[in-house]
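Each chain gets a letter, A, B, C and D, in the order it is written, and its residues are counted from 1.
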C-alpha cells in the first residue's frame, strides 16, 4: 500500500443512483469523523469541489480506494468509473445499484426508446410540446452542447470495470459500512471479490426466526398493504413474500424490524448464482398446491414477479434484462 | 385370365409407397393377415380378391392387380372392416383412395356401372348442388345399357304411383358460390405426379 | 338444446319423401317444428368421395358453414349424409392441411367454419333431447301388437360410435318401445343393405337385402323400421324384387364355403 | 472452497456471466493437487462409432481444461478397457475419470469399480451416455458427434467439482414380504422359507393357489394342475417360516430397502382361522338350502351359499362368509344356524377389519394377472349367446372337481358336437391389448385335446399365428393336429345364432390359407382370452413405488439383465404381474426373485448411494425452508444449536449437484440455426425414457442435451436460468407423472417452481416455448420423442435466444453514443428548434 502524503487518498463517486448511498455515508454521524480523519478525500462531488481534471492529473494507482455507488447507465458514468479504476488501488462497489444494478436496473425491462418515450414524451408531468429528445450534440446560441450517451442497458459496476469489493444494501446499513471500512483499514484484506458483509442469510439475524413453522405451506400470497401484519410471526408464514431466506444478512433485519418483509436489497450470499432464482426456488416450493390451476391461482398473489424477485438485481442476474426484439 | 405368377417386374414400388403414404395406411405394413376384414365384409362373396389380399397386393406394389380388381367397386363403405381391424388399418378409406386413383388413371371396365354412377353423380352435384335421384338413375341406365331398364319397369311404376319418382330438377340457389368453392379448394395431389 | 337446422338431403326430397314428411310431422307434434337449413347442398355421399377428396370435403363443409352462420347444429335423418357430415367435421378438425384448403374455399365465397357445429341424427335427438317420456305422452295411437325389427344400417354406428353402441345400438329400440311397438331381437341391426349396389349391381345388392328381410321374417317381425332413406328404398323395393328375382339370383359365392353337416344343413346360409 | 467469489450473481469486468469461480476451471480447494482428468470414449463395437465420430470426440475432449489424457477404445466395458483406466490412473496420476459410452444404468457400476480398483475414490468417476442418448437416436453423424462432444464437455466440467464420497452401509432385515399367493408367490415364499428366512405371504383372496388352482391339466405334458400345486399350497400353510395371511391387502409401504414398514389390512372372514377345521357343517346348516350366488372359483358356473369354502383344495381349509350376501348382515334377522352348527365356536359375526404393520427387508411382487373380458369385443357374442365361453370357464368344465364333474356340456346339459376355439381374444389387437398373451395358443391346443377327448366333437381352432416356442410345445401342436383338430388360420369376424336354430351358432371366418371365407356351425364357442394387468395394477404399483410399462405390466429394471428387479431397491417381481408367462417361466422367475432377495438379505447390508444432502452448519442461517420440503423428514433441527439444522443420514436420499452440466450449451452453430436444448431429466422416469428411446432406436431431434438429475424436484430455477445465460435456446424439464415421484413429491415442487419461473421468463421476453416441463414416465419413449421433436421445431421457428450480453452491446462508449436518438426524431427536433425565431 503506497501512501503519498501520509494519509491514504480516498474517492467517492456517484453514478446512476438516488443519492441514498451518499446519505448513508453522512448517516454514519460521528462515525464519519473517524473516517474523514483517517483519510484524505480527493474526489467527492456531493460534498467537495474536485474536478475530473484533478483526478486525471493524479498518477495511476495513487488513490487507495474509490467508493463508487450507482449503476452504469451513461457513457459518462462509464468513463468516470474507468478513470477512477485506473487511479485507484481498490475499487469498492458501494450499495445495491453499484453491486447489482439496483432499482435503476429495473429499466432493463424496457428498451431505450421506450424509456425516452415515457420520460420525455408520455409521462403526465412532462411538458415537451416540441417533442425534444436528448441528443448527443446540439447547438444553442452558437455553442455546441453535448450530452453523455444513454445506454440501452443498465449495468452493475462490476460489469463495466474490475471491482475489488462490494458493500451491499440499499442503502448500506451503517454497521455494514463501519465494519467494511474497518476491514479495509485493518490492512488484512480479504480475498478479492468479497462482499463485505456477513455471508449468511438474513434469517440468521431475524428476530422472528423462531416463529417460522417447520411445516410451512403457503396457500395465498399477500402484499403488505392488503393485510394487518402481525409483528411477531415470521412474515413468510403470514403469506408475505419475504426474501430473507435468500438474502444476505448484515442490516440487522431492518425492514422486518419495521414490520415489512425483506425485499432483498443486500443481494444473495456467495453461494448463490442468481438471487431471484434462488428466492423463486425456495418460495415457490412452499406453495401448498399440487396441480397447475391451484398453483397458478396462488401465484396470482405475486402480480409482478420480476419486480418482486429482482427488485435490486436485474442487471446482475443471469438473464440481465428483457430480451430486445 | 392372367397367369397366376408374378415377377418382380410386375411390382410398382411407386404404387406401394403411394398406398402406404395414405393417411393411416402405413399400418398396412403391420397387417397380420387375420382375415377379419374379409370375413366381416358383406360383399366378400362377390370379390375377386378379398380385402385382406387387396391390402397385401397394394403393400407389395401390384398396381395392376389392385386397380384392376373388382373388389374396390364392390365396397359399399359400411366400414365393418375398418371397425374390426385389430391393426386399425383404415380399409374403407383406402378403398376410396383406390377408387379415386382407378378413375384418374381410367383403369376399370368401361361398362362397370359404379364409376359411371360416381361420375354422373359428381356432374349433377357440381352443376346443380343437389341430386335429383330419378334423373340420376335414368342417366345411369342410359349409360350402362338400356336393357337394364326393362327389369325395373315394375319398380319404377311403384315409385311413380307412391309419389317417390319426381321429375323435378333439384337445385340450390347459390350455384355460383358452389362452383367457386369447388374451384378454390384445388386438386388433391394425392395421386402421384 | 341448441337450435337445429334440418338437413333433409337429396334422398328425402326424392325417393325418401315419406320419411321427410313423417319426420316433419313428428317434430311438429312434439312442439319442435323443423326448420330447414337455407340453401343446403348435397353432402357428396360416397360417390363424390370416390372421385375427389378435396372437393368432396369442400362440398360437405358448405353445409357446416351455413349451419354455423345460423348458429345451429345440423339434424340429418339420412345415414349417409350423417356420416359424410360427421366425417367432414372431424377431418377438418384433425387435418391441418385439409382444414386449410377447405377454409380457403369457404373464404372464397364469404363463408367460414370454426368447428362449432354438431351433426345430429333424429334417433339421438328423439331419445336424448326429447326423451322417451315425452314421446310416450305424444303417442296418440300406440303401435300395440306390431312386431318391429329395428334396422340401423351401417353409417350411423360405423366407423364412429357417436351416440349409440357400435355393436348393439339401442336408441331405435327404445324409441320403438316408446311408441308401443314390440321390438324383436334382430341380429342384423347394423349389417349392410347393399347401399347403391342395388342400383349398380342389382343381383349383388338384392342378395344382401334378401338376407336382411329373411332374417326379420324369421324373427317374427311384421315390419322393419329403418333410419336411412337408402336403406328404406333398398329394403322396400327389394322386398318385392328380391323375392321375385330370388330364383334367378345365381351368384352363389365363389369364395363362400359352408361346413355342411346333416343336422344343420337346413339352417345354414340362406343362399 | 472459496466462500466469496465475486458479487453474488457474478457480474465481472468483461460482462460475461462467468464471473464466479463456480464456473471456472481452477481447482476448487486450496492445496488440493491439480485436477487431472482421463476421458475415455467407447466405440461400443460400431454401436457408437457408426453414428458418432469417436476420434473427433476424443480429440475435442483432449483440448478441455484439466484433461490429462483422452483415449478412444473399442469396448470400454471389456476387461482391457477397464485395465486402460486403471493403468492411466496409476501411471498418469489421474484423479478424475470420464467414460463416454452407454447408459449409466448399464455400466456405471462397472466403471466405478475400475476406478476404485486403481485406488481412486469411485465417485471421481462420471459417465456420459453417448449411445442411448446419441448414436442410437440420431442419424446425422455431424449433429450426433457435436452432441457427444457437448455431453463430454459437460461431464469434464462437472468432475472438477466432484468430491471423494464414502458409501454408507445400511443393514437389511431378514424378513421378506411376498404379495400374492398364486404359483409365483407360493414358489418364492417356499424358496425363502426353506433358506431359513421368515416370509409374510399376503393374499387378497380367501385361499392361495391363484389361477393355477382353477386349471385342470397343464400343457404340454397334460399333468394335473392340482396334483402338482396342492402339495405346495399345504406346504406353505405348514411351513414354520411362513406367516400366511389370506383376505389381506397391502395398503401402505413406508421405508426403504432393508427396512420397509408395510401396513396390511385384514378383511374380516367372520371365521377364526385358528379354530375352523373346514368340516363344513356350517355350510350345511345355512338357512339357504342350496347355492344361490355365483361361485367365483368356478367363474360363475356353479352356485354357492353366503357361507362357503373357497374351493375344495383351499388353503387355508377354512370357510368364510360373504357379508354382501348373508342375511344377518343385510337384515340382522338371520337365525344364525351356522353359528349353532359350529361345534368349535369358530364363527364370529362381529369380526372387524384389522390393520397390522410388518417390518421386512425386501418385497416380492407376485400379484398375477386378470383375463381379458370378452364383453369388450361384443362381436363374439359373449354374454349374449349362452354357449359362448371363456377359456377359464372351460378350464372349470373340463376339471374333474369343477361344476360338471369334468363333463364338457352345454348350458342345457347336452354334449357339444362342434366346438370353435378362438385364439387371440383381446390380444394382438390395437383396440384392446396389443401384446401376444403368450400362453393362449398352447392352452387352446390343450383345450382342443381335452374337449375332443371328452366329447368327440369336431374342434376348430381359429388362430392367427400358432405360437409354440418352448420345450415340447411344437411337438404338442403336432400331436393335436394329428388328432384331427381343424386348425384354421383366420380370425372370427362374427358369430350368429339363427332365430329358429337349436342353439347352433354360425361363425364367419376367412380361412386365409385357402383364401376363402368359411361359415362354420358350432354349438360351443370358446374364447381364448388373453392375459392383462390387473385392473388395480396402477394403484398397487403406486403403493409399492414401482413403475408400470406403457402396457400396464409392472416394469422390470432391465428387460434382459435385471428381469426380476424393479427400479425400487429391494422390491422384486415374480410371475405374470410383470408380463404374460406360462407356469414353468413363472416358477423360474419366482425362484430368481427369491434368489435376489436371499442375496440381499444374506449380505446383511447394502451400500447406499453416498451423494445425499448435507448441511454446512457455518453457512446455515436456520431459515428452515428446507425442513418442510424433505418428504422423509430427514432434516432435523439440532436441539443444541437450535438455529442450525442437521440431517438424518439414515433417511436422506441422493441429490446431485448438477449446475455444471446445465451450462453445456454455450455454442451456437454458425450456419443453419440448430437450437441447443438443455434437458434436465429425472433419473427415474424421463432419463429412462430417453434410454428406452435409444434401445428402441427411435429417431428424434439431436438438439437435446440430457443432464441427469435424481428428481425434477432437484432442479433449482437457477439451473434453468444458467442454461439460458450460457447459450441454451431452450430448456426441457422431464419428471415423473403426478403421484409417481420416486421421492414422493419432488415433481410437485418442480411444477410449482416451473409455474413461477415461467411467469418470470415471460416477463423478460423469453418465449414460453423455450421452457417446457413434461411428465414422461420410463415407458413413454415415444412421448419423449414427440416432445423433443416438437420443441426443436418450435424453437427453430423462434430462432436463437438473444440474451443481450453487455460486453457485446457496448463495443465502446463512442459507438454507444452514435446509436443515440434515432435520426428521424433528431432531425425533426432540430428543424423545430431552427424554426423558433
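As a working rule, a contact is a pair of C-beta atoms (placed from the backbone, for glycine too) under 8 Å apart; a residue touches a chain by one contact, two chains touch by 3 or more.
Everything numeric here is computed off the predicted structure, so don't read it as measured data.
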Which chains does subunit A share as contact partners with subunit B? D
Selected pair, greater C-beta contact count between C-D and A-D: A-D
If I average the C-alpha coordinates per chain and also across every protein chain shown, which chain's average lies closest to the global one? D
Chain centres from averaged Cα atoms put subunit A and subunit D apart, in whole Å, by 50
Where subunit B and subunit D are represented by their mean Cα positions, the distance between them in whole Å: 47
Whole-angstrom distance, CA centroid of subunit B to CA centroid of subunit C, is 20
Where subunit A touches two or more other chains simultaneously, the residues are none
Can you list the residues of subunit D that touch 2 or more other chains? 379, 511, 515, 517
On subunit B, where are the residues touching two or more other chains? 44-45, 50
Is the chain-to-chain touch network here best called a line, a ring, a star, complete, or other? other
Per the touch rule, the subunit C residues reaching subunit B in their complex are 10-11, 13-18, 39-42, 44-55, 57-59, 62, 95, 101-102, 104-109, 111, 154-155, 158-159, 166, 191-192, 194-197, 199-202, 204, 207-208, 237, 240-241, 251-256
Subunit B-facing residues of subunit D, complex: 379, 424, 428-431, 464-465, 489-494, 508-512, 515, 517
Considering only the defined contacts, which subunit B positions touch subunit C in the complex? 23, 42-47, 50, 74, 76-80, 82-83, 90, 92, 96-97, 99-100, 103, 113-115, 117-119, 121-122, 125, 129-134, 137, 140, 151, 154-155, 158-159, 162-166, 170, 172-174, 177-178, 180-188, 190
Would you pull the subunit D residues touching subunit C in the complex into a rising list? 378-379, 417-418, 496-502, 504, 506, 511, 514-521
Residue ranges of subunit B in contact with subunit D within the complex: 32-36, 38-40, 44-45, 50, 52-53, 84, 86-88
